[in-house]
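Note that chain A is present in both complexes that follow, paired respectively with chain B and with chain C.
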Partner chain A sequence: MTAKAIHSLLEIKRIRYGLTLFNILLVTSLAVLLLSPFKPTETTYDTLKEPLTQSEKGWSYVLGTDSLGRDILTRVSHAFFLDLGVGLIIVCISGAIGLMLGIIAGYVGGIIDSVIMRTMDILISIPGFILAIAIASTLGGNLWNAILAISIVSIPIYARLSRGLTLSIKENLFVTAAREAGLSNFRIMIRHVLPHVLPVFITQATLELSNAILYFAGLSFIGLGAQEPTPEWGLMMSVGRKYIREAWWFPTMPGVFMFLTVLSINLMGDGIRDYLDPKKRLRG
Partner chain B sequence: MDEGSIILKTINLRKYYEVRSKILKRVKQFVKAVDDVTIEIKRGETLAVVGESGSGKTTLGMVLGKLLEPTDGKILFKNLDITYSLPKNLLGKIRLVFQDPYSALNPRLKIVDSLIEPLQIMNIGRKEAIEKVAHYLQLVGLPESYMSYYPHMLSGGQRQRVVVARALITEPEFLILDEPTSMLDVSTQSQILRLLRSIKKEKQITYLFITHNLVVARYMANRIAVMYAGQIVEIGGKSNIFQNPLHPYTRTLLSAYPSPNPRSQWNPIIPEELTVKYYENKCRYIDRCSLKMQKCEKNMPTDIKVEEDHYVKCFLYAET
Partner chain C sequence: MEKNVIYILFLRIIQSFLTLFGLIVIIFILSRILPGNPAIAILGPKATPENIQKVISEWGLDKSYLEQFMIYISMLLRGNLGEAYVMGYSVNKLISERITASFELVIAAFILSSIIGLPLGIYSAKNADSKKDVLISSFAVLGLSFPTILTGIILMVFFGLHLGFPVGGRINPIYSIKAYTGFMLIDTLLNGNFSAFIDATLRIIPPALALAIPLSGLLMRLTRNSMLEVMSQDFIRTARMKRLPEKIILYKHVLRNALIPITTVMGLYFAVIVTGDIIVETIFGWPGIGRLVYEAVMLRDYMVIQGTVLVISVIYILVNLAVDILYIYLDPRIRR
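Up next is the complex of A and B:
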């Protein structure tokens, strides 16, 4: 059953392309992480070297070095795991909270529904990035506060989605039948509602992962996320911005890496969405 | 307890649905799905509730099955008031079988997991529960191996058997069957009905059988209750109702059923007015009734005893 599902998932072009791109990035980053002689935070006198300049340690600086003489490829590869990890944490936190609130709001209804959903409306009515900036700067700029800020901002999307799904699932006779059998509401939500919400939820979460990465890089870019000397794409671009005339590769390379990562995740997310939409699936 | 004692009794049971106006949310009117229903069901009998769509039969079943809170009135089960809460020791003693076997089973759960659920509430261990599942699957005529199947692998009739097994698994004393065969094709219907009858014989369960199909009601029931606009307009033994239908509505219902004999003439009584109005101070059937009298405009009829085990809500049979 699962193998079959994976097989038909791979038949969708976007998923195949996305997955291939993602795997290339993953393998590259992993290889660099393990094999590179350079340390991501170790400064040298080889400042602002062009890509492919030979270094003393045997490897050439494939993507050049930054203003403090650190190898950009090594830093960018470290940042891949940092940004991806942060993105996953954000999606997990906001997804779990949003899913829970949405299912409760949809299932219980009444005043609880109104309170939860109006709160979500307030959150969603403020532009996401502005709100994230406000929260992060109130809490103080560091990595964990940025994660928290973006998580809070992302909750409403999941809450709305899972509430809507719950409302329609609730109408199914098997939910009434479970109630008739004497199951508690909590148990019905876990056993009968959640499994039907999850597939759509996971699709949304995949699409949101790339958003979370972009938001985090954005916050880091304006100094509210990761701090020096952490290797992080947004932060590297922010520092490199000043050197764009002398060393174009310094701000560009992290940007290209981020672009490719987000692209690959979006391709996969779109593909999964197509997979779940039977009308589109027929067209291939 | 002896045969024939009363197992379930309702006293002036009511369930109203509020219809609210769109803007101000003020209550515009009530839909009196169950209105002033007082019935007694004897242990071991089958009471069939018949009536048209919207007459409140299903709501009555849902209220008795504890899925809806009544607006007013009382439900007594074995002389215990269970209107608002069911005592722990009676858990699983009243069960409901739904009409639609296609959506009554969670498509993501295996048959065994669907069946095991009501037992888990009763703190029965998994091993014992699975043994029970196997036993009850056999009882409803399905092989044990179906346990690991998903609902979509079964036919409608097989699913309905699973639904019946899920209701029986908690060893109920009172089973509410809400049109259990109306979604099945005719050949499967008779199988399920025969199964239900044999189970009843074996397990001594009391049935409340909700149906709009009079043939099915005749096959299954000892007593028949005819519902119209939330009220039970006629109730009595099966032969009393079928051989001597008294209420004009009962006659309409009976005439609506074509006889299987092609040579016999079929003249159904087709009422002109089809909307149901919940009158409080006149007979609710007045808009459709061809035999209405002045009296019917002024008062709502109450139960009139016509013969032993035959009551009707109609002034035609009032003595004065």
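Up next is the complex of A and C:
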């Protein structure tokens, strides 16, 4: 049955394109990570070399080098795993908390619902990136604080979504039956409500993953995320910006990698959303 | 009926005030969980014993949290955002000097995105599901997925290095422009300095375009979907049956009704602008409020960060309020 579901998912063009693009990026990054003779943080005298310049180590600098003579392809590939990992951590933290708050608010209702949702309303009515800057600058600019800041900012989206879904699921007969059978509220939430919230939730999470990556790169770009010499896309662009006249590839290449990654995730997310939307599925 | 509108408006305004209050509480809590002594964090490297004493008495840091909060609120009500100890001057002065530059950039981006996004959306809806539509829609998705940092850098390379435009800043410092409105494009004209006007125009295009590209994609998609939605309704069929010219149907019937749902997402639109603005101003050295955030982060001037975050959020809340009021005005169905 899972095989069939995967097969019909793959029939959607966007998922196929997105997955292909993502796999290309993944394999390229993995290959560079394992095979490249350069270290991501090792500085050399080959500063600001153009793409495809030959190096002493036998490999050429495929995407050129940066201001400290580090191979950009190697750094960008390391950053792929860092940024993707950070994005996944953010989605997991904020998703888990948002999901929990949303289900509790929707299922329990009353004053708990009001308190949770009004707090979420306030959080959502401040521009996310601005609030993330406020939190990250308070805690001090480093990688973990940036993750924490973006996680807090992303919670309301999940909370609202899962609350709405819970409200409609709660009205179903099987929930009433479970309650009549004497199951505890906790058990009903976990065993009977959660499984029905998850599919839509996961779709949203996929789309939020690209947002998380963009926010993280943005924070790093203005100096509140990853710090030198960590290979990170936003940070590389921030440093490279100053060398734009001499070396256009230095700030551009990390950006292109980030763009392709975000694009592939968005394509997959859009595709999954189409798959779950019966109206669109019928149209093909 | 009229009473209903007033009631909705009243509720909406109350809600904005609550949000505003919540925002102030959040910022207050953040400023008090600063690691270590808040006074030292506020002062940064300028933390001499006298200064620390001054900040403690100014913000009541030796009193209870409730009293501190009251002091904070009363400062804000008097429109005082505090002293920027690292950057110098008061936070109010720093922000008010910079904010018109940001407004100018955002307005320019807004106009540009309307020029690009609206016609493309209308064209796409007119030729729905044709090859042109698919092409335009794909470009819209690409525009939306493009990270602003990358767009900014590419435009900087393209305009600055390839076309030889003057990029960076608002205007060449050799021109001395007397400020009347704070908007450089208008001021240069009022000064009668035409070459300065051209310089300022050339400088505003790349950053405005960097902001406008994702917005155009968004606007194009919204216009297209909203128009298709309206086109499938009965009154359009009636209009076609009456043999009204297709142009009149498209612009008078479809577009007018399609624009209503578009206004509701303007708030979302504005969030995209605010996020992009900080990054674009940083890249192009545009002396606006976004650049101020970046500089404050670099210099670790906590008061400036706090002040700008507050001001930007307040503007955002007001914009959303205005959009909702506009929506009530535009859509007669809500009034009932």
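What we mean here is this: the second predicted complex is superposed on the first by the 284 of 284 C-alpha atoms of A that agree within 3 Å, B and C clash if a C-alpha of one lies under 4 Å from a C-alpha of the other, contacts with A are read in each partner's own complex, and residues count from 1 in each chain.
Basically, a contact is a pair of C-beta atoms (placed from the backbone, for glycine too) under 8 Å apart; a residue touches a chain by one contact, two chains touch by 3 or more.
Note that the coordinates shown come from a computational prediction; the quantities given were computed from them, not determined experimentally.
Trainee: Assess the superposed three-chain arrangement around chain A: do chain B and chain C clash, or do they fit?
Mentor: fit
Trainee: Looking at A:226, would you say it contacts chain B, chain C, both, or neither? Reply first, second, both or neither.
Mentor: So A:226 meets neither chain B nor chain C here.
Trainee: Quick one: is A:165 in contact with chain B, with chain C, with both, or with neither? Answer first, second, both or neither.
Mentor: neither
Trainee: Touch test for A:99: chain B only (first), chain C only (second), both, or neither?
Mentor: The answer is neither, since A:99 touches no partner chain.
Trainee: Name the contact category of A:148: first (chain B only), second (chain C only), both, or neither.
Mentor: Neither partner.
Trainee: Tell me the contact category for A:76 with respect to chain B and chain C: first, second, both or neither.
Mentor: A:76: touches no partner chain.
Trainee: What is the angle, as a multiple of 10 degrees, that the CA centres of chain B and chain C span when seen from the CA centre of chain A?
Mentor: 100
Trainee: Counting residues of chain A in contact, which comes out ahead: chain B or chain C?
Mentor: It is C that touches the greater number of chain A residues.
Trainee: Note down the smallest distance between any C-alpha of chain B and any C-alpha of chain C in the overlay, whole angstrom.
Mentor: Checking C-alpha atoms only, chain B sits 10 Å from chain C at its nearest point.
Trainee: Contact residues on chain A for chain C in the complex?
Mentor: 118-119, 121-123, 125-131, 133-135, 137-141, 210, 214, 217-218, 221-224, 234, 237, 240-241, 244-245, 248, 251-252, 255-256, 258-259, 262-263, 266
Trainee: For a test of understanding, state which residues of chain A touch chain B in their complex under the given definition.
Mentor: 172-174, 176-183, 191-192, 195-196
Trainee: Okay, in this complex, where on chain B does chain A touch?
Mentor: 65-67, 91-92, 95-96, 98, 100, 103-109, 117-118, 121, 163, 166, 170
Trainee: Touching chain A in the complex: which residues of chain C?
Mentor: Of all residues in chain C, those touching chain A are 18-19, 22-23, 26-27, 30-31, 33-35, 141-142, 144-150, 153-154, 156-157, 160-161, 270-271, 274-275, 278-279, 282-283, 293-294, 297-298, 302, 305-306, 309, 312-313, 316-317, 320.
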